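The same chain A turns up in both complexes below, where it pairs with chain B and then with chain C.
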Partner chain A sequence: MTAAIEVRDLVVERGKRRVLNSISTTVPRGSVTGLLGPSGSGKTTLMRAIVGVQIVRSGSVLVLGQPAGAAALRRKVGYLTQAPSVYDDLTVRENARYFAALYGYGATAADAAIRDVGLADAAGQLVASLSGGQRSRASLACALLGEPELLILDEPTVGQDPVLRAELWDRFHALAAAGTTLLVSSHVMDEAGRCDRLILIREGAIIADDSPADVRAAAGTTDLEEAFLRLIQEREEAVATPGDRAGSTAVANERQTP
Partner chain B sequence: MGSVRAELMKLVRRPAAWLLLAVALVLALTFTYLIPYASYAGGTAGVRTVGGLPAMLPARLVGNSLGGLPVFLGALVLILGVLVVGGEYGWATWKTVLSQGPSRIRVYGAKLAVLAVACLVTVLAVFAAGAGASALIAAAESAPADWPSAGDLAQGVAAGWLIALMWAALGGLLAITLRSVALPIGLGLVWLLAVQNLLAGIAAPLLSWVATAQKGLPGPNAGSLVAALGAADTPGVERLVGAGQATIVLVGYLVGFAILGGAILRRRDVL
Partner chain C sequence: MSARILAATTRRILTQLRHDRRTIALLVVMPTALLTLIYYMYQNLPAPPGAPRPFDRIALVVLGLFPFTIMFLVTSIAMLRERTSGTLERLLTTPLNKLDLLFGYGIAFGLAAAVQAAIASAVAYWVFGLDTAGPLGLVILIAVTNAVLGVALGLFCSAFARTEFQAVQFMPVVVIPQSLLCGLFVARDQMAGWLQGLSRALPLTYAVEALQEVGAHTDATGRMWRDLAIVAGAVIVTLVLAAATLRRRSG
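Moving on to the complex of A and B:
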């Protein structure tokens, strides 16, 4: 079976700035893959390219075997944007039912999505009156509608309390177990350990693309945040002394450096 | 149909849509019946409302119901058009609406369809409220209640619907062009309430080419159409061109606004 996402030599530029620098990666089906990196590292841009709404300079992105953005993917890809994308002047239920109707689903699917994100008690509340975390979950409920094959979730746990974050991650894994592929971005490293695979991105380049265990092993530490820092350091040293790269790129994606 | 149903469901749950309808009815009743009747019934001796009692009776229902469309009712449906289409920019929801659901053109078409329904409801509500008010006045004054024929009523509703939808489509086009809500409403109202009147009241009498050019503008054509159907000579209502030409021009603007809005929405990156 083909990978859910195949990115090859992707270059994205905004103005004169290169945001993604010839990156390549694959995301296996039925997994939770974390896209981690600091703010401004290119996570959202990569997600937009996968959803098919980002103009790319070169390279290719295949999603479920189709070019990103293909019409055939519309019902197969769910996208949660970083900023909540719901109507403040409607209730949570009205929002979910609107998007359900738009995508061709009924009220039952909308109500189920609301329950899945833990907002059943607030279903009748106006979105404008919700907390930031609740708004984000209302937006997530709309992205979950229709049980898409691929879910692109841009920082879905920002602003959520620890209990709810744990519940959401359990939900993500349940979806993956049922066959859904999830690409979840975060800039919080303690969420990395919850993923099946990790793509660590910094300054538009992938510095690690492996399972959490292998990332830890490659960096020689059990702490993922420390591993991320070591990988960055190794990469910077490798760039400073190009002849000494071989030993420091066990997990780094070799195709990143032009 | 799913897109239309979704948009309709969203619109009827929006307090702003009902507020606009309520304001439209209050303004229409106030300026067409309440103030003229107050003037007629209890005005200063010697001062009578323009047209007198006959202007408020059921026989004038069509003209009275259409009189506000070139200006204030037009402004309200323009605001509705901006809200229905531009709300997606305001709430940053285009990306969710378009990335997973139907195509841009289908969503846009659904919004136009919902605007058409909303405009028809608004026009029918204005007619119904006017019918009620004129019937009350006729009863109170023991005046004859001669209602317009069904054909005249249908023609009036159709003309009102065309004008309202044309303004709503302009609102949608402005929202897509400016990718926002506040600025399109502001600019749309400036055009509708100020620029049109300045052109008609100041520029056209001074410059013959302005007088000629305004015969091709949407407001004067809307004013000409409602004047032809019996609307009283009020701001924005003046018979500059014939009803036939006005109808053709208004249909042209409606189609033009709708197509241009769809083309821009389809071509542009909305995220």
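Moving on to the complex of A and C:
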């Protein structure tokens, strides 16, 4: 069977800036892959390219064996945008039922998705009246609908309470066990350990692409955050261009985010 | 396109409207309030011999202008919100076809306009004694077609606005020139030649002419149907243009 995602030499430019600089990676089916990196590193751009809404300069992205954005993929790929994209002036239930209808599912599937993200109690509330965390879970519910084969989740756990976060990760693994492929971005390193595979990207390039155990082994430390820092330093010493030095301060700041 | 997705989208847009009580109240009350204003403005103005009284002439045209203007504004803001909130990008990653979305807006706001036009017409006919030679049903039909034209133009213009401030600025660009040149203020055959030509290129002109035909003739005239067909054609052309502004891929 083909890989869930196959990215080859992907280049994305925004204006004169190169956001993704010739990225190649493969995501196997039925796994949870973490896409990690500081904000501005190109995570969202890579995810948008995989969903097929990003204009790319060159390179190829194959999703479930088809070019990204192909019409047939639209019912197989679920996408959670970073900023919650649900209707503020509808209730959680109305939102979920609308997105369910787009995939040909009924009210039962919509209600199940709401329960899965722990919003059953708030189902009748307008999205505008929800907290930030609830709002992003409402958005997540709409992405989980329709049992997609591939789920692209852009920072699904930001602002969630730790218990809920753990529940959401359990849910992601349950989905993966049932055959769904998940690509989950995060800028929080403690979530990296929960993934089957990790892709670390920084300034539009891949720094590491391996299982958490192998990343730890390669860097010679058990702490993933420390491991990434070492990998970045090793890489910078290898390349040693002055321009990259300024970037490393940025990543150190970014790591402060809890 | 899919009937199921179109129906779900229409229902979703109407549900959003239903949650917004104040907008509904404005849609219902405002035309009536403005008609009242117009009625008293023209109350003491004598009718020229052999011509309908000024209120009849103005109110008939205004019944078509309201839905056009209001639905243009409501739609351009609603569509802009879809673009800025990320819901449009999300919708375009689902099996939804662009036309499902555009027709969904057309049908949902067309229905809202039908309700608005029915209420405004009822007030004009039965409270203020509006007198037209032709039937009320045709007036409402033209008003709703005109509202759908407003929806289509709103969907299209929202592509050129990044903020709601910009979106409302398209009102004077799109609505006011058409209203000035449609024959309401100065009869079209009394305008300079180049203005007449300009007026003939604008769809609202035909909607107003259709209304005037209903005002002057007992039965629907060929010219009225031709005018209505031109407005409907303008709707289709604008929707196709609007579909072209919905890009699945962006930078």
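Some notes on this structure:
What we mean here is this: the second predicted complex is superposed on the first by the 240 of 258 C-alpha atoms of A that agree within 3 Å, B and C clash if a C-alpha of one lies under 4 Å from a C-alpha of the other, contacts with A are read in each partner's own complex, and residues count from 1 in each chain.
Here is the rule we use: contacts are C-beta pairs under 8 Å (C-beta built on N, C-alpha and C of every residue); 3 or more make two chains touch, one makes a residue touch a chain.
Just so we're clear, the structure is a prediction, and the values are computed from it rather than from any experiment.
Of the two partner chains, both chain B and chain C are touched by A:Tyr103. When the two structures are aligned on the shared chain, A:Pro148 is found in touch with chain B, with no touch to chain C. By the document's definition of touching, neither partner reaches A:Gly59: not chain B, not chain C. After overlaying the two complexes on the shared chain, residue contacts for A:Ser85 are found with chain B and with chain C alike.
By the touch criterion defined above, A:Arg14 reaches chain C but does not reach chain B. Of the two partner chains placed by superposition, chain B and chain C are both touched by A:Arg75.
Of the residues of chain A, those at positions 51-53, 55, 74-75, 77, 79, 81, 83-90, 94, 98-99, 101-104, 142 touch chain B in one of the two structures and chain C in the other. Only residues 2-3, 5-6, 9-10, 13-16, 87, 91-93, 95-97, 99-103, 107, 269, 271 of chain B touch chain A when the two sit together in their complex. In the complex of the two chains, the chain A residues touching chain C come out as 14, 51-55, 69, 74-75, 77, 79, 81, 83-90, 94, 98-99, 101-104, 126, 142.
Interface of chain C with chain A (complex): residues 4-5, 8-9, 11-12, 15-16, 19-20, 85-87, 89-96, 248-251. Those residues of chain A whose C-beta lies close enough to touch chain B in the complex are 48, 51-53, 55, 71, 74-75, 77-79, 81, 83-90, 94, 97-99, 101-104, 139, 142-143, 145-146, 148.
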